[in-house]
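Letters A, B, C and D mark the chains in the order given here, with residues in each chain numbered from 1 onward.
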Amino acid sequence: MEAAPAVLAARNLRVGFRIPGGVMQAVDGVSFELRRGETLGLVGESGSGKTLTSLALLRLLESPPAELSADGIDFEGRDLLGLSEGAMADLRGAGLSMIFQEPMTSLNPLMTIGRQIDEPLVRHLGLSKRVARERTLDLLRRVGIAGPEMAVRQYPHQLSGGMRQRVMIAIALACRPSVLIADEPTTALDVTVQAQILALLRALQEEMGTAILLITHDLAVIAETAHRVAVMYAGRIVETGPVAALFEAPLHPYTEGLLRSIPRITRERGGDLPEIPGVVPAPGALPAGCAFAARCGFAVAECQELRPVLEPMGGGREVACWRPRHG
Amino acid sequence: MVEPLLRVEGMRTHFPIVSKLLRRQIGVVKAVDGVDLAVMPGEVLGIVGESGSGKTTVGKSILRLIEPTAGRVVFEGQDMIGLPAGEMFALRRKMQIVFQDPMSSLNPRMTIGRILAAPFEIHGVARGADLRGLVSDLLRLVGLPEEAAQRYPHEFSGGQRQRVGIARALALRPRLMIGDEPVSALDVSIQAQILNLLKRLQGELGLTYILISHNLGVVSHICDRVAVMYLGRVVESGPREAIFFDPKHPYTEALLAAVPLPEPGRRRVHAPLAGDVPSPANPPTGCAFHPRCPRAMGRCSVEAPMPVALAGGHVVACHLHGGRDGGARTGGSFWILFFKKEVVSFFEKKETKKLHPFLFRVERSVDGCSRMWDVAYCSRCRC
Amino acid sequence: MRLGVCGRFRRHPMAMFGFATVLVLCLAALFSPFIAPHDPLLLDTSRRFVAPLARAGFWLGTDELGRDTLSRLLYGGRISLTVGLVAMGTTVVTGAVIGLVAGYSGGIMDTVLMRFVDTMLCFPQIFLLLVIAAFVPPSLISIALIIGLTSWMEVSRIVRAEILHLKEQDFVLAARALGASRWRIMFRELLPNIAAPLLVAATLRVASAVLAESYISYLGYGVQPPLASWGNMLTNAQGYFDTVPWLAILPGAMITLTVMGFNFLGDGLRDALDPRLRMDN
Amino acid sequence: MLSYVGRRVLQSVPLLIGVSIIGFALMHLAPGGPLAVYTLNPTITNQDIERIRVVLGLDQPVHIQYLKWASGMATGNWGFTFFGGRPVLGVILERMSATFLLMGSALSLAILIGCTIGVLGAIRRYSVFDMMATSGAMVALSFPTFWFGLMAIYFFAIKLGWLPSGGMYELGEEDNAVDLMRHLVLPVMVLALVITAIWSRYTRSAFLEVMHQDYMRTAKAKGMRAPARLLRHALPNALKPLIALLGIELPALFSGALVTETIFGWPGMGRLFVDALNMKEYPILMGMIMFTALFVIVGNLVADVLIALLDPRVRL
């Protein structure tokens, strides 16, 4: 796994919004590498900039108002930022795909399921409509939809949430992309359906060797699905590393706090949950030092003044903290 | 025997499906279809279930925010269904609700001060300076600064808004509080703050909670007893330990198995439950769970199982538990005995006299399967 | 951080243009007795058809009876704005109450009220206006009321749609759980929340009421001569149209300017108040 | 689908009854009346007026008059005019084609131009073109139609002499299509102006609304190019509110046609209405009201059916 080459690498990715009196930096220098066949979990709470990051990678942000900049977004040796809109459109859905949080609204309500899956096949693989439809039926079967002949003629509103998300996955994986970006793919679903969808993603990944960038707020989903994880806070990655090590011994106090504050099913009912005091700072109103300092129980004077950067800690782990835990 | 504070008997809440044109009724959504619940004073009851299970409708029907179609809701010994508006109004002081979405549950055009003054105004409790005093007391109670009264909901974060929602519910010092997914819209770090607050307030004010949630972790953290709902019915209910560590209904088992754990490497053993929750407008025949049930029998698709009381207030509605173990053992203390890592059985208190706590007898559990646990213990002496 | 309503409004050039126009027109109408150089009803056949800027003191010329056009425009503006505002008031109050009651009550009440709205909407507004205006003795107030009572349906639909959305919000349920009365919920909880769309609708309604008044005055069922209104000044001017076009151009331009002012103001308010324009991540 | 149409038709019956009751009540409860014209005529005595009143049935109570009229309507008898005794339906139908010609040409022109401007504005939001189009539409919406008509007549007919100032034909040119076109230009231009403005605004907002939907983002993420996204994904979805608008705007279209016809002396239903109003011709007014109501209802029905055909979610 470690030796696999990076298929997608973002270097110093920044997304800002122009506001009166300056620019609000919602994503502030995010860098990561996604390797072939692996799942990288990008975890963060609301407002951490994780969704903006994902949209920025595919250049799906509307500009204006959003302003995207980076030292590079390398996809299979090409810099996505340098591509023309036409070349970018050729890549979307072919080499780089994305699935979204809301399977309810992400499908065109006036188009049959079949046509929506046919589209990328015709567009990118240049298949005839008939051949594309055969592929579509096969895809639907692969994502676990029983009776694909009927499903292709149905409209999104006739399917359940879980089925719609399966259709989204079929669309995204239709052209066997090397990278799939999944933005909160199971947040809108029930736990039993979430388990199905996560299992499906795992199975398809093993089969196709797709690299997955899994964006979620749910650490448990990361723990079950991802190989490596990057934790975002206030627009920056504060910690990254292999899943097992990070969950075993988190280095950043924020990661630690996050992990400890999850209510778990335990035999003995515990006392109070360890909580992270305070609130997430508003983007655009970030302090000079570490953004987490105000909520951190281990903060020292240094944390208020100087912003820590990601430092390698060995074992493929990095942390942006002046006082890392378990260090 | 202490009387329950709230008893729900045979509650049904059906919504007609009306055609848009001629307003004919063309079907019915059985959102709640025969639910029995009892909540003891000072107890926290959790209601869990997936979307479409009717858990939220149960909560709202208890408060008559949605009028139930049938059944009884007995609060402090008085049936609230059909109660005239005046008497209902008086009862409203004693039961309150906290909603899921802290944005939509606060009127965006009112200051926090006015939102919190509303309960006192409506019930004519106080006015003027007294009112301001009461509002600042409330703010202090939920850990908000007094200046918050002058500001509008959008100036606060989700967690702070939820504190306001809790403060409003507590304004009239209710005995019963229903939390309808009170922490589901919040980030994990904030969720912990609110859960701790709810727990603290329960202790301080002697509240009785009904906590409705789809998050089993949250429920296990603060509930004493749990009811699991599926398609408008309670399929299993019982003490927290029994539901989470000795579930009897295949649905409860599946639900527990589907919960992702924040511990890498502990992959699920079971295959995930197949299929989706069916539409409550068109529920399956017999046991509503049978199309997805890994252990469904011929009988399940025909006959809806009746709730059967097991030992220790554990009730399950499943044909797997219809037979020999059913019926007799309700209420009272009970023993759960384990041999090594296997659940052994339940025993009535008088039976336990014949058994030394350490002398475990092996007996296969009723449904023919055994469950794995790390520790053996008995519910009373924690041996 | 987040731009307030006022800030967004001020950055909207068209809205500011509308606001300024409306302000100037309102002030002019309010103080017309002090500004107007002449009595608008004063006849003087010795100075008929004076062209604009042709004679000192009669900057906008005179009409076929020698009345000063500027003074008549100012007084006419008073009438148009009065009719516009009273009609708007009637429209907004009727529309809001019907929409609020229909939306919040639901059920049979909603069905009956909305069927009534549908029925009213089957009439082209001008038909209704003219039919009533033809049978009711024209006066300032009656015209304003007629306009108001034939144009509230759209407002009630807007309000009802807003209420249907709002009443699903949990804060309404919370109020019910506290035992709040229907009256309290409708007027204290819900009404403040529809203030913004109502304000926008009200502004746009003034514009359409001014237009409607000029239509019916133009067709002879509105404000009666010798009282000046922009509409009947136009009717008057039609007779001398090919020779003295400015008599028609000026009142028409005033109507256009007024309607435009309110339209831009309303549109700007909508943009400023529309929560969808707020940036959320 | 057939049962859907059937039910919609059934539903419009009470609507028509409501319209007729309101219309009838308005006319008959108001002071004055059709016979007021005669009171000014010295050659007609009070007895004469009474006799006419009895002959026309105006002496009976309002509800009896209504029931008589309504039963006539139900059997296809729209009544007869007070003055001249001609069948109302015939009088209306006589004028219908002129109005429909005017309305149809104006509407098609307006939709064509308005939608194009709206789509372009939505695609290039906040561009110079968009700014000009939105403010231009606002200005156009602010013109009083009759004034704009007068101005058009002044410039194009009086000053420049390019086009006729009114009417439908020159005398003796009733079959000349070119002459008809020349007469049509100004009224259509005037009527179309406001409708174009409305359509450009609605089209723009309908497209903007659709273009921000999640499925448009999905289409983009699939790699679909802009034209395909616009035509295959945005257009059908944006069409829905626009079709609804077509139904909703019909009464306004009639209002506009009425005003335009009065200015240009166009021999259509609008002129008929204003003339009937001046004469207090109840049967014609009622007939006109019922005719437009029927037209509006059918228009809305057609719009709803089209939407149901377009959107699989609209059923029941």
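Note that in this section a residue touches a chain if its C-beta (ideal position, glycine included) is under 8 Å from a C-beta of that chain, and two chains touch if they have at least 3 such contacts.
Predicted, not measured: the structure shown is a model, and the values here were computed from it.
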(request) Please flag the chain sitting at the greatest distance from subunit D, going by CA centroids. (result) B
(request) Select, from A-B and B-C, the pair of chains that is joined by more C-beta pairs in contact. (result) A-B
(message) So the centre of each chain is just the mean of its C-alpha atoms; given that, what is the distance between subunit A and subunit B in Å?
(response) 32
(message) Could you work out how far the Cα centre of subunit B sits from that of subunit C, in whole Å?
(response) 54
(request) Can you check how far apart subunit B and subunit D are, centre to centre, with Cα atoms defining each centre and the answer in Å? (result) 58
(message) Quick check on subunit B: which residues sit in contact with 2+ other chains?
(response) none
(request) Send over the residues of subunit A in touch with two or more other chains. (result) none
(request) Find every residue in subunit C that makes contact with two or more other chains and list them. (result) none
(request) Could you please specify the touching residues of subunit D with respect to subunit A in the complex? (result) 213-215, 217-225, 228, 232-233, 236-237, 310-313
(request) Mind listing the subunit A positions that touch subunit B in their complex? (result) 45-46, 160-163, 190-196, 198-199, 217-221, 223-224, 243-244, 247-248, 257-259, 261-267, 269-270, 272-277, 279-280
(request) In the complex, go through subunit C and note every residue touching subunit D. (result) 14, 115-116, 118-128, 130-132, 134-137, 207, 211, 214-215, 218-219, 234, 238, 241-242, 245, 248-249, 251-252, 255-257, 259-260, 263-264, 267
(message) Applying the document's contact rule, which stretches of subunit B touch subunit A when the two form their complex?
(response) 50-51, 157-160, 187-193, 195-196, 199-200, 214-218, 220-222, 240-241, 244-245, 254-268, 271-274, 276-277, 373-375, 377
(request) Name, in rising order, each residue of subunit B that touches subunit C in their complex. (result) 23, 60, 63, 65, 88-89, 92-93, 95-97, 99-101, 104-110, 118-119, 122-123, 165, 168, 172
